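Chains: A, B, C, D and E, in written order; residue numbering restarts at 1 for each.
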Amino acid sequence: MLYKEAGQFITEYRLDKRFFRLKQERWAFAALLAFAYLVVPAIGNDYWFSAILIPVLVLSLAGLGLNLLTGYAGQLSLGSAAFMAVGAFATYNFHLRIEGLPLIASLILGGLTAGGVGLVFGLPSLRIKGFYLIVATLAAQFFVQWVFTTFSWFSNNSSSGVITAPPLQILGTDLSTPAGRYLLTLTVVVALGWLAKTIVSGELGRKWMAVRDMDTAAAVIGISVPKTKLLAFAISSFYLGIAGALWAFTYLGTVEPHGFDLSRSFQILFIIIIGGMGSILGNFLGAAFIVLFPILLSQISTSLLAGAIDPGQLENFQKMIFGALIIFFLIKEPNGLAKVWQTAKQRLRVWPLRF
Amino acid sequence: MSFFFEVLTGGLLAGVMYSLVAIGFVLIYKASGVFNFAQGSMVLFAALTFVSLVERGVPFWGAFVLTLLTMAVLAWLIEWLVLRPLVNRSPITLFMATLGLSYIVEGLAQAVWGAQVHALEIGINDEPYEVFGILLSQFDLFAAAIAGGLVALLGVLFNKTRIGIALRAVADDQLAALAVGIHLQRLWLIVWAVAGFVGLVAGMLWGARVGVQFSLSLIVLKALPVLIIGGFTSIEGAIVGGLIVGASEKLAEVFIGPLIGGGIENWFPYVLAMLFLLVRPYGLFGDKAIERV
Amino acid sequence: MTQAQLNTIPVQALTAVEPFLQLDNVEVIYEKVIFAIKHISLEVKPQSIVALLGANGAGKSTILKAISGLAPAQRGEIVQGRIVYAGKDVTKATPGQLVAQGLVQVLEGRHCFGHLTVEENLLTGAFIRRPSSKGLAQDLEKVYAFFPRLKLLRKNYAGYTSGGEQQMVAIGRALMANPKLILLDEPSMGLAPQIVEEIFEIVHQLQQTQGLSFLLAEQNATVALRYANHAYVLESGHITQEGDAQTIANSQALSDSYLGSR
Amino acid sequence: ANEQYFPLQSYRIGPYAAGGSGFFGGFIDYLQYINAKEGGVNGVKLTWSECETEYVVEKGVECYERLKKGLNGAPAAATNPLSVGIAYATLERSTTDKLPLITINHGRTDSTDGSVFPYAFPLQLNPYSEVSAIVNYIAQQSGGLDKLKGKKIVTLYHGSPYGKETSPILELLAKKYGFELTLLEVPHPGNEQQSQWLTIRRIKPDWVILRGWGVMNPVALKTAQKTGFPADHIIGNIWSNSEDDAAPAGNAAKGFISITTHPSGTSFPVLQGIDKYVIKAGKGNLQDPKRFGNVYYNLGVVNGILNVEAVRVAQAKFGKRPLTGEEVRWGFENLKLDDARLKELGALGLVQPLKLSCADHEGGGAVRFQQWDGSKWKVISDWVQADRQLLRPIIEKSSHEYAKEKGITPRDCSKEVVAAN
Amino acid sequence: MSTTLAAPQPLLALDGISLSFKGVKAITNISFAVNEGEICALIGPNGAGKSSLLNVINGVYKPDEGSIRYQDAVRRAMHPQWAARRGVARTFQNIALFKGMSVLDNVLTGTNLKVKSSWLEQVFNVGRAPADALAQRQKAERVIAFLKLQPWRNSIVGSLPYGLQKRVELARALAAEPQLLLLDEPMAGMNADEKAEMSRFIRETNREFGTTIVLIEHDIGVVMTLSDHVVVLDYGKKIGDGTPDEVRANPEVITAYLGTKH
């Protein structure tokens, strides 16, 4: 039996808190990391890096950001893209305007700026609840986009409003090759993913979930609801800001304000629906799904149907299938791919017994 | 001064156009607690179906009835395939399902009718009237009259009939509604079909105004602040909200826009709605959430 | 059978005939993984009160929801077995159909429509019958007679009423449907002792005078057994004991496993 | 395989579907036409495959990466995304991959300077030339550039970087010629323009330049009618000039003027040829045959002509075989279409005379004006040239800034090999 | 019994509290005191205002009139968080658990006020955060063991049966190590056995930690055996206040609440 917890007793609370409680899981994770760092850069090609791996990683991070806010703290947001935009444009400007600032520092400052903006747009959540709250996040969405299109200072007066990536150099190493961009993205995502796991399994994460599940009760047991909500907005936006900067600089290499429009916010929302709300792993699964699914579908149809269907029509079908899949997920597995994965693991654990 | 009033009346009339879309939302929210993001796609779908039928030579009323039937079938499919399996789930789940739904409907509309832009003439000439030096759009006046009629009709439906109570019951607690024997499915079918009808009316008017094409589905974004200011659960709120949003955004664009860069209409209503909510967290006429411990 | 016919048949004749409600080896599973009840077979004779007893989580509510067709709404599924009500197989029937045929459930945890007034809540119970406004007014008066407190609160939003008041609303609402069989899930919960007695009196009275049947899940075994004709004891999803209410009440097994030492 | 491949990042659905399906329809039909009539370019067959981008940048990037390697051994000649966003996102990639990036009538204005942007080609008309030509036309109508003084011109632009791009140039021209300029923004997508048009009504301008996009165009025309502004004093720019921009406005569009680099219509011999070889043969790419010869379709045909001619020019130098992107780029830089050649191609009047070079990746800079008669466009002017002398220094300033930021050393164009003619 | 102790200091004193909703009086001029270390029961018919009173005590409702003295501070109204910081914890009539979280996490949230580390320390799990986490965990495990909740430690509370949820709620409140514990019908929906067990938990809490308890309960048997002090409400007014025996003998209480049957 591969998947067995026999003999692995948890003897200390500290150990019980570990992310992977089983030895097998820890090994698998280490192997995955080793693979991602050592093998993938050696065997990947441009297409894999630029069209699949980097976008999956960046979108996972964005999903993670939204998940912290929506999945854990229960505040529905349709403005994720706005915070990504803030992150991207802030990073760009920090790098541009402060001579000699290391790239990573600009990135973190960009993220912090996004966090600050998120905090401001989170303020209404102290009074507004439920669906009414989406007005605040949509206000962020439209307002931020307007600011970046209207004030060309943010894009260094480029006539087209498009910003382009600064040279990606860290400690003197040039990371602008596809593999380099991939490694940079991977590192940021792994680090922040780990941090997110720490947060949600700790005191702060519990407070978020408490506020999500019932804020009156949370207040009654002494949790400061306003502070908790605002922290959720700030930290979530920090993540989204970093994701936005990576989107602009390691993925596309350029971005315009329109690149962070409402449909991007929806895309990120779909990632967490499909992946699973209130799950860290889910973001990765969801992002992978959302990137790979359309590619797969169009690849399959081009190779199988060989042009029998008009590509535009195909895209229509794909849109419909995608919508149907979302509904299907909500009906069959409201907790997303993460739950599917967990159930599979559980089955494996008790296999060959039935429940 | 007359320019001010011109902008104001223009804004108020434009606001009624937003209300038309918002009403469809309110209807569904009130009836099932579902925040239906697909309302915009339904408007698009209805308008596209109607205009395509007209272009294929179907007479006006024939096309209207056929489209209405199509919307009813759509409502039935939605009830059967989406709402029924999701009964008694959290509002946020249903909201997300409607996001999925909007994808399906948009894809379907384009797959069936193509992506071209269509002109739609519904026989109202839009030469402006001039009253005391203020321009009044014939078309917008007509649209306002229709919206008024719809509101009156729906007001009666909600407030004066048993269906009204049943709908509100469903919105409150689906499990309990089931337990007292309310036919959720039948009710939903009715409501979604009526929302389809409202969508068709909105789609025809908007289509005649801006042409029938994909971005018709984006007018939900104009309807949202209207809805929020008025309150999700109030039809009258949708009208009042529309007037407020329409008038204020036009005035803001004309008088504040030039000072801070112009093009502020997209976010202004949202910020306005946000300020409204800070004072009234459930909009002007919305039901308060009841929480007892 | 219509209500009128039912009323004319003497009680003795009915108890001898077919059971009014019958569960045959029913099994319910939640979210495709959690087995809640297994091999449940039970029956309710016409014009009788049957009590379901059992500890927390034994599966009482699940049985009731399986009967009333509400289980699917909570992601539960009847994976096996048959439910027969008034001679018809209703395993797959929808709650709406069942209510129309006179089978109503009062949900555990009250479930009032918070944004409806108390009176509107009661009205919803009657919609399925499409009564005339006059009939409706009469039915309302009847319920108000049972629960005078509700009459005082009739214009208040149900969501703001107290726990016990909501419980009264829930029971009154079910009565508005003119049912033949009521499934009562913990009717006494949160009610003051006086009201509990009153409710059981009402139940008793309805059974005697109108020929209604009741299947009730109840924690307050003492009261329940005092009024019930028959009882089943549940333990983690299985029926472990059944019998005449009196017998169960006296049974040693029950007091050990369930009633405790008192 | 003896084939030359064109990766097509097309879009046929979504908000901009009308443009995409027309453009790519025309482009594909022209390639088919060359294959059917001539068996390809000098015997090298043309192939292509499509990848739907929905006008979305990331999808465009994915398509680019997927298709850039060529198909079944046929090397890619050039990419033609017809989307500013995708063009920007693939600009650096295409330079690294040595694949020409064709942005006909759109794209980055400063990429006109081929010394800094060796692989980008904003063929025919960049945004700056566009407004300059419009202002020149207004001057013509008023009786000379000196008559512009004191005229009132409003520019109604789409609230996006695209919409704002030409504002500095307009301001420059306003200062130079002394006309009164008002810039009004319409927020995306533009289906509400009441306030803008009421403002216009108050200003009472002589002309309105419509720099629209998608639904904004018909709504502008409708709202103009609603506020009593005459359509024949509205001049649409290059993305406000299609049938899909005017027709949905119905009556209100009658008289609307717009620029075009490529008149619509089917009377040009090349379109007749396409009709004969492709459409009649049942291979036409358009779903709706009524759109044959419309503005977007003809732009696709023009784009096809330019791409194919570039390949032809390059083959003359490198040999009659499938070429690499780098070789095709040489073809583009040495592309020269004069009236004689255009006549041979059957495209006289459809394509403007064009001469590209290392330094000049635009090549044209002229437009014609057309007017909507309620059902179709009618050309109402000859080619009107932009003031390219005036614009060149601005373009170079911008491109050199870019070069500095990116650490690019511009090519010395005087040292480039030119075609042997 | 603690009442026999010499001159105990009142921990909580309500003075002339009135509360109305949209003109309807829910509580009228109520005053009473709860001594340190005692168990005080609030009883009364449904809708008498018991839960409202509890809500006033921990600040969920703000009274229209009157004042509240808690410890040494006299206030016009309490505020939930202020109360929590000063050692007031409670459970709710309609269970207010965090449904999506595990039992352990729910209990851990109860300890949140004892956390010393800042959120930044928690985010990076540095500084005082690890020590806090350990301390919290130990406290929570003690409470879980005390209430015998170990088997469900990692279950998601939303799917637990009602009775267990009530117990988890108590655990969450106890984890805060409160000085004053407010319990709103902690035994509703439980059978006799479970009630007895719950009573034992409550009494032990009171004895071992000296926690002062105010509880609402409809089961008179439980109330009489458990409490040191009983306050009876009816229609928002106080109609009785004293030891259980005194209250039981009060004729007004008998007619209003206990009924003649008891």
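We adopt the following convention: a residue touches a chain if its C-beta (ideal position, glycine included) is under 8 Å from a C-beta of that chain, and two chains touch if they have at least 3 such contacts.
Just so we're clear, the structure is a prediction, and the values are computed from it rather than from any experiment.
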Please indicate which chain is farthest from subunit C, where distance is taken between mean Cα coordinates of the chains. D
B-E or C-E - the one linked by more C-beta pairs in contact: C-E
Label of the chain whose CA centroid is most distant from the centroid of subunit E: D
Averaged-CA centre spacing for the pair subunit E and subunit B, given as whole angstrom: 47
Taking each chain's centre as its mean C-alpha position, how far apart are subunit A and subunit B in Å? 32
Express in whole angstrom the distance between the two chain centres, defined as the mean CA positions of subunit B and subunit D. 37
Between subunit C and subunit D, what's the gap in Å when you average each chain's C-alpha atoms? 74
Touching at least two other chains at once: which residues of subunit A meet that condition? 146, 149-150, 216-217, 220, 312-313, 316, 319
Can you list the subunit E residues in contact with two or more other chains? 51, 60, 92-94, 96
For subunit D, residue numbers touching 2 or more other chains are 12-13, 17, 21, 159, 185, 187-188, 287
Which residues of subunit E touch subunit A in the complex? 58, 60, 80-81, 83-85, 89-90, 92, 96-101, 105, 108-110, 112-113, 115, 117, 119, 122-125, 129-130, 132-134, 136-138, 141, 172-173, 176
Subunit D to subunit B touching residues, read off their complex: 12-15, 17-18, 21, 159, 183-189, 191-192, 194-196, 198-199, 201-202, 214-215, 218-219, 222, 225-228, 244, 247-252, 287-288, 291
List of subunit C residues in touch with subunit E within their complex: 30, 34, 53, 55-57, 108-109, 149, 153, 156, 160-165, 167-168, 186, 189-197, 219-222, 258-262
Within the complex, subunit D is touched by subunit A residues 46-47, 50-51, 55, 146, 149-150, 152, 155, 159-162, 164, 167, 251-259, 263, 294-295, 298, 302, 310-316, 319
Flag every residue of subunit A that touches subunit E in the complex, lowest number first. 13-14, 17, 195, 198-199, 202-204, 206-207, 209-210, 212-214, 216-224, 231, 235, 278
